[in-house]
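What follows is a set of structures to go through.
Both complexes shown next keep chain A, but they swap its partner, so chain B is in the first and chain C is in the second.
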Partner chain A sequence: MTPTRPSALRAEFATFFALFSRGLRSNFAYRPALLLAMLSAALSYAVPMLVWRHIYASGGGSKAVPAQALFPYLLLAGCLNFGFAMNVESRIGQRIRMGLIATDLLRPVDFQMAQLSQALSDGIANLAFVLPVFGVACAFWGKSAFPHDAAAFFAFCASVLLAFVILFAVSFIFVQATFITYSSYGVFVARNALQQTFSGMSAPLALFPAGLRAASEWLPFRHTIHTPVSIYLGWINGSAVWAALGAQLIWALGLLLVGRYMLRVSLLKFEIQGG
Partner chain B sequence: MLTQRAGEPRTPYPNVYLAAFQASLQAKFEYRVDLVIGVVTSMLMQGSALSFLLIVLRNTPGLAGWSGPQIVFLFGMTAAALGGSEILFNQIWLLPQYVVAGDLDRLLTYPVRSLLFFLVTRPELHAIGNLITGSLYVAWSLHTLHVPVFVWLMLPVWWLCGTLLYTSALVIVGCLSFRFVGPYSQQLLIPLNLLQATRYPLAVYPSWLKNVLLCVVPYGTFHYLPARFFFGKSASFWGLGLAPVAAVALALLAQGAWNLGLRRYESAGS
Partner chain C sequence: MTITLRTEALNKTYRRKIRKPGFVGALKGLFSGEEEAVQAVSDVTFSLARGERVGLIGENGAGKSTTLKMLTGILVPTSGKLEVLGFDPSRQRRQLASRIGVVFGQRPQLLWDIPVQETLSLLRTMYRIPASVYDVTYPQAVERLDLGPLLAVPVRKLSLGQRMRCDLAASLLHAPDIAFLDEPTIGLDVSVKEQVREFIRDMQQRFESTLLLTTHDLKDITETCDRILLLDRGKLLFDGSLREFERRFATKRRIVVELERPASDEVREQLAKDIAELGAELVECRAHRAVVVYEGDGAAPALTQRLLSRLPVSDIVLEKSDIDSMVANIYRRSTISTEKSVA
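Showing the complex of A and B:
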């Protein structure tokens, strides 16, 4: 008896899963690199925390965000940002520069979703390393580092997933510039600068000056850090949680579609040298 | 075993380092779009860091007694030192890959001082963005604060010391690649993040971190200590002149780490 041929959709999902698990294995194969990256990230996240600590200890700061809420916010924001380090720009940028994208596009797998699967494996590996750090902080800070309630925790998990997709989609759009520049460095730095400025990574939006805050409200970056952490801490609650998740979903789908369109346009003009 | 020892041959051409640097720089300038994007994005990155300072200053009038323009001076000097290292000595970021691939073999056959030649042969053009932003921050800060003329005259010395201090720290940490061979360079982010920590007055940090930034990796000597003196926060004159001493000491340590590393270098084999 010949085995039944799986549906095309099922086969495609199996491929995505294979890419995901291969990526995960390769991430864990370079454990020293991941640990070193964690150490340096911890150092960079510690700087804003220490600056805020000094401000609050010397009587400054804002009543809108008390110290016992600010520090769990900053730690969770740092952990999420580390978890979201997904190498999209370097991976896709390298394939564009070397012309390997031609081979990728010949495969019977959706290019964007295949890249998302690999990015997801980066995210899972990073989160696996960073979870113990957050666990220690929870033990240290106690209740103030715990989720607001069970519903907030589940909404937070959904929000993190959507935040990841938003950040992936933004990176995917930015990396299209590599079709012109053939270098992914500038693309990565530009995206990273905007992410650091507008995501609420170094401070909750309530502490932003009015102009910066208004700009953040109009950009997708706040949905990558500020929205999930605000849900976790209960700053966004009740029906506002559904509104926040809805906004994240719209951004995620919209940006994914823009990315697909831009890839199609870029490929029309793209030339690969060979012979 | 491929090594270059203390008595390594010196090049008969004293300007060979300059010629190599110029050739590498010319090659980089061929990529015009990369140049523009690199400059713009590095300025964006500095702007992003400054946005955090704006957030901080919205919630407090100053940090540890330092006003906004005074902190901007620290921001500017840090950006300029980073840019200096990136344009003059950037190749250190590729050392781990060179060690893994055994690509140092060719360098070790050249009649040159291997560390200096290695460092100068890969300038990065996004450094220009950091240099421009850093210079603008410093000029705005010092102009606003009406500092004495000697401060303006000393700036190139402090900038050069900052560049050397940061590069030396990168070389020392980078040399760990000879011991722990692997195709990753994340360890080099540690000196970078320590440098960026000095954008804020060191007084805001716990004493252990302050001591690290003043004594172990003495980044604080090229901008924080001099600024403490000429901004009137300390009467100690010594802060003005410590940077060259620290830079030379760390550069010697970096050369020592490089020599030790080369003794362990075994090439890739085939």
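Showing the complex of A and C:
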């Protein structure tokens, strides 16, 4: 019996959910490693925070971003950055290098969506570790670390989801280079450098030099950190929130489509490694 | 007879970068774009009927895995026609994937960090296996491959043999129309190999699946297949039944004689001359043993008569070449002919 379209979709969704839940369990199998990564990340975020604090305390800083807004921004940006650590390059890159991608491609599921399901499980696992840290930090920063209002919080949640998909799609595009380079390390470094520079992770984009700020307008990375955090803090509000979410949606869909096309071309052009 | 798989003049050429050895070679390789073409599969034409059990054999690098990759859709042929279950594999890979089962012996397909049972239930969801099929395949796999104690164990903790058994179960759980098994017994001990072969036979018979199996262990072929495809340097050298294969390649036969006492030099020389007249060769005659090698049918009675008349025989055995030595012989001949043509 040929399944009807809604039941086929339900079955597809059930597969992605099953992949997501197995991925989550895999992530929790490496709790100590995740905890270690979180502690290292906390340290690497704490140092710039201390530097900024020193700059502002000694009369430096910028009027465009006052101290009471900057620190919640950096805290949330750091937490999002950790939450978005989804291992796409290392996971897919390793499978391309070793030829294990062959077994993934022989499944009756969409490869890109299956990888997105697994990446989501990475994100949720990270969230379980980062939320308590964020909670403690909120207690320290007080009201200024809370969302601007309830609407901002819900818009922020939607924006985070879209930001996650954008970052996944960018990583999915970058990792295809492994078909040529056979190593995902350089690919990860390149993507990460662009992400760290243009996402607004290390500082709000308002503090960037004009040239870099202009460049960030044309790249998708600003929508991975700067846009959701700005929504959360109320820097983007009113109808501008819808415009920001719309831009994120367009980037997300566009990049996913580009990634799909590139995979198709890569599989036509390159070979699966190993005998 | 329903054809489930058909190839016509299938070709695959890889482009490989030429890398020179050493550090300087590696540095040069960064800037040099020199490439060479490697013909992995050359004009291969064959078809498989529903329920056929076929062994694909050949030396390392003969093109077996490349052929399998093209048949399953993960590699695009350079030229030629290819149809599997009515699909063009590389263009309709996902549709085809739900109807085939694949084992790549050297590539684990189970999820590394979670128990075996979890992967099997994930596959049930992924392949949308109906209860009527799953209720047969799952218990049979668990029982025949002795998976019971392994189900709760994370895959990373399994030994190679245990993992291979689980991989095989995972690939046949949905009772595929065609099973492509690439070295399913690689690295396994004798008893596990036996278990695996038995399971493959059972599942194939129960669901009338078509089986295409590559292996270097020819016992896999003799115990599970009826037909052989022999690839040599990308070309199809032989396509036929096991019986035809024997008829064509098992040309050398041996008569092994146990002697009551060693033969004298004189007897030995005379015997060598006698049997040479019958087109045979005395390859060994030492102490209490003599061995005669001959080709073709019908020579055994005359040879046996000569041996019995000349030697103090206590026992006599007639041997046909086994498939291992036949294939080794083919590989050797093919290597020699290539060396000659190169020279």
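By definition in this document, the second predicted complex is superposed on the first by the 266 of 275 C-alpha atoms of A that agree within 3 Å, B and C clash if a C-alpha of one lies under 4 Å from a C-alpha of the other, contacts with A are read in each partner's own complex, and residues count from 1 in each chain.
Assume a residue touches a chain if its C-beta (ideal position, glycine included) is under 8 Å from a C-beta of that chain, and two chains touch if they have at least 3 such contacts.
In this text the structure is predicted, and so the values were computed from the model without any measurement.
In the superposed model, A:A214 lies in contact with neither chain B nor chain C. Applying the stated contact rule after C-alpha superposition, one finds that A:L257 touches neither chain B nor chain C.
Once the two complexes are overlaid on the shared chain, A:L43 sits against chain B while remaining clear of chain C.
Of the two partner chains, neither chain B nor chain C is touched by A:C157.
Comparing chain C and chain B on the residues of chain A they touch gives the larger count to B. Using the contact criterion defined above for the overlaid structures, shared-chain residue A:A243 touches neither chain B nor chain C, since it reaches no partner.
In the superposition on chain A, A:L131 makes contact with neither chain B nor chain C.
The intersection of chain A residues touching chain B with those touching chain C, taken from the two complexes, comprises 30.
Contact residues of chain C toward chain A in the complex are 14, 60-61, 65, 69, 72-76, 90, 93-95, 97-98, 100, 102, 104, 106-109, 111-114, 118-119, 121-122, 125-128, 154. By the touch criterion stated above, chain A contacts chain C in their complex at residues 3, 11, 14-15, 18-19, 22, 25-26, 29-30, 98-100, 102-103, 105-110, 267-268, 271-272, 274-275. Only residues 31, 33-34, 37-38, 40-42, 44-45, 47-49, 51-52, 54-56, 58-61, 63-64, 126, 180, 182, 184, 186-187, 189-190, 192-194, 196-197, 200, 204-206, 209 of chain B touch chain A when the two sit together in their complex.
By the touch rule above, chain A contacts chain B in their complex via residues 30, 32-33, 36-37, 39-41, 43-44, 47-48, 50-52, 54-55, 58, 60-62, 177, 180-183, 185-187, 189-190, 192-194, 196-197, 202-203, 207-209, 212.
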